[in-house]
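Each chain gets a letter, A, B and C, in the order it is written, and its residues are counted from 1.
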């Protein structure tokens, strides 16, 4: 009885709110029609000022802390204000009934090429791979296509943030962490310079995957690659030493400008982490040693044979971003399921893991990689953490991202089922308190051609 | 070399026709014995040796008389009269065997390796130039051979006196020759020329056929073309009235003896599926087929039993590249090479499949090692011996001339200290076509 | 000594490689699967049923069945038993993909190059796949004949071939045959066709030639059998290329056409009408959702990816709704992998269709009975029904769930993949090594 009353009250409130919203929208359209986007989506970004929002009657999976079977999330501006089961609704809050839905924190893709690659086979639309081998100076953020068709698709699968990284060469460039919403690339930034990406050689004797695109046989050894890195790091240190000395003492000539040394400086100073893509067990052990000797803040990526040296990685305290599980075991001897069991074994050994799509066009599949690992031994809750709070922790943004906790950015996904499940549909997504548009290339084209059917 | 081969194909009609007539003449006289050199050869009497004639039981103490390149007499000591003109060779402590036959080699064949591009520009131009076709059914391997004394010596020391030299490149590789390793004079070495057409399931680079299925289709089409060409030719020669003259085609001309007249066709079979592919072609075109390579014959014994096609089985035990053992890492591959593939000849023997053994793809030293491995894996030494002598001779159609020590046959024999195939055994004397080669270690 | 050697090396190796035959020596096509959640696909699920297999054929489905003595019994309590997954578009188990030198090569036959040792066969089995349509590539307008294989890992190639399947011929259109994503090497001319117009022109040209070829043979037969055959009568030359195309025109072969954009599908349908040949399915068909009416009218199905898209221009409008929407419109849809990796998670790919509008049952059909229909083998496989061949897969959870895992794959009553067995062997091997 009471519930019903509340419900109808809410309904009334919603009506009032919507009327106001529609009026406002109409107003702004009248006075500032040019603000409207070309395809008529005013919800997608920017203008709407987030107010106070209450999502009620919703199952809450905060990821950190216990699940709430039916509760309320209160959002104020861009932050989560409160999460609980018996919360009082603040006056004037926009109320969203989450009946039948589950609220999750938005997912974070640990490594992607979102916004850098549009159509992989068309060079004009590919921006993730610079020529040459040593490219610490290139920054993913500076090429990011904010209106990539892949971003709304990833978003409509519950992904709200992603590491965007370049690849290729030995030093591929500087990756960035962005939210999947914004009217320009800069509006999307969460952490502009996230980590330097270093690609170490693949596994010796590895078979080539589909169409020869797999890791394949390494052209150089990890020893050689690490030696080269060490040399570059030393050069950068020397460069800095001379520059500082010259700044202090006019008599000392400063060194000529050296781009590579300049951009590697934050790395050798231990300020900017390095994402090392590592593969073979023996190589991983070498890289651990290298990282410790060079005092570099390291994050491992791909880590296909990590399960063989999980204890070593755990002891070194290096977190791992799991590469795409849409791949074959690098060598037969690892067993057919080696990529699938790898995350579970790493996690059990105490390694902090995060999943990645390692893709742009398949970025939306991030949750499925996590689910696959669950099928092969990873704990279900840990899998969920590995697409939310763990990547947030790995990238040092767990104060604002990765869980539904008061004080964090209101990145909330309302799903009609398990977040990692294939058939689950995402009904609403909020990024920093604003509801984002879930229409995308898929839905637009479907709608367009459905009209043909409906005309008959 | 390439240019020369191309020339062969594009010879003006009459020249090629003349050449062809010669070839046909040679073919129509099987086993033609080329005139021996005029110098007078000694008559030899090998006495007091142990003899393994292969054709019958061993003779513990026997005598072999060799005259004018042939075995004149053979038998237990005392039963054979030593001719008065004979040079007597005291062979006590030695064992005589028929000379071994390697029914599949690329001996003396100088194949120029395709030059590897050195610079990116060369690489690009190599790629942008479609490779030249490597299909020459009319290629006669005999024309490319350069016998070398050292090679002959090293083959003698392994026990070989007769070899088939097969061409080595392309799909329709060309025609092989059978040689006796009696010296360096090619014409004197020839036993049969040409012997067989050799076909390999390989591909071209950048031109048709560039895939294995393309190669199979290509071979079938050429066989069909040959049948049609032959029919057309025969009809035309029977009556040219109201019939368009067949256009001369050297490719198809070269195939007629093998496709129509059923001279032997040897298919190189590098894995079990190659064997099946070859058997399908042999059946479809009713060829006189022989399979070479076949180190995976053990996997297809059912097919081989049905087809009754003889095999030239190599004792190269490396698993084929497409084989599963080659895809599971180095440890599994090595194990398969050491423990599974050496059983191939033993399996074939058990299944009564007609085969000769060859060392195709192997050096002389690994040949012996691998024969020993095959024996360890269950092949009786006598069977190995037979597969390298009498059985080889039979597959080559030379059972009347070679393969056993019997009076009247070609005097190809080897004398060893120790049992043949035993580890420390040495071949100390070799007689080929009655010519004696001494390999006794001087120091001993 | 030798016996020992056999025991320590040969037998483990042989059993590793030819696991299936060794395993099934006992059963040889006889099997009882107890208490599974049976998903027949053509009927509603049965919770807790037994499936009895005799000589590779499903004999009985029901509660508490008793097997003949000596039958292997598999306890499948709580597990999902589904028909073996069928992948309608792969290139696995072959020693070759493209005869890409000529624009048309219908004379080649993939059945000539089956490689039973391809590890991808095992890979596919680990994902519950029991049958694949393994095809010529898309490098040219008319590729070659394809072949349907059962993935009897460890068996000889001829035992894998499914002779009852429709014989099919690969066609390809669009960017691959135009070679538009290929860097031209200096000095090498672009191959004809370089446009979609050219591709169609070539097909028409070759089919016209095939008609002439058939006519030439007909004329020859007539003259040969006439009262006074003309002097100098010669049969036409047997041309394997045209023989294949003649078979297509005679209706003995079905076309499987790789096509992405709506226009090329519409035009290929017209070609089929013009020449009267049959199309078994369009491959990839990324824009099928734009021409559902045309596909329905022609009765042609599609074999598609669920969402692998945007890898080239013609795949830029490939929407993940394609399979679901086309199914809802009544088109016969199967999901394919076209990959020796994706093949082992084809069930996940089908499962994604649930998000885009299908029920889990409809989604599962796309990789079982629908696929069987597109290959012309739905009377033999594709569902769990009495009398059908016992090609089955056992899953830990609902096969359309992201959390599921294939536990066992069975072909004609023989177990070809058994995860528990592999785990056991792995443990034994680790124990021999003295643990990790």
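Following the convention adopted for this analysis, contacts are C-beta pairs under 8 Å (C-beta built on N, C-alpha and C of every residue); 3 or more make two chains touch, one makes a residue touch a chain.
All of these numbers come straight from a predicted model, not from anything done at the bench.
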item: Innermost chain, taking as reference the mean of every protein Cα atom displayed; value: C
item: Which of A-B and B-C has more C-beta pairs touching across its chains; value: B-C
item: Greatest separation from chain C - chain, by CA centre; value: B
item: Inter-chain centre distance, chain A versus chain C - centres from mean C-alpha coordinates, in Å; value: 36
item: Centre-of-Cα separation between chain B and chain A, whole angstrom; value: 65
item: Inter-chain centre distance, chain B versus chain C - centres from mean C-alpha coordinates, in Å; value: 42
item: Set of chain C residues in contact with two or more other chains; value: 119
item: Chain A residues counted as touching two or more neighbouring chains; value: 207, 332
item: Touching two or more other chains - residues of chain B; value: 327-328, 332
item: For the chain A and chain B complex, residues of the former touching the latter; value: 205, 207, 331-333
item: Of all residues in chain C, those that touch chain A in their complex; value: 119, 122-123, 126, 175, 181, 289-290, 292-293, 307-313, 315-317, 319-321, 325, 329, 339-342, 344-345, 348, 351-352, 354-356, 360, 396-397, 400-405, 422, 426, 436
item: Of chain B, residues touching chain A in the complex; value: 327-332
item: Of chain C, residues touching chain B in the complex; value: 5, 9-10, 13-14, 17, 95-102, 105, 107-110, 112-119, 136, 144, 156-158, 185-188, 230-232, 234-235, 237-241
item: Residues of chain A that touch chain C when the two form their complex; value: 118-122, 149-150, 207, 209-210, 308, 326-328, 332, 335-337, 360-362, 364-365, 367-368, 371-372, 374-376, 380, 420-425, 441-443, 445-446, 449-450, 452-453, 456
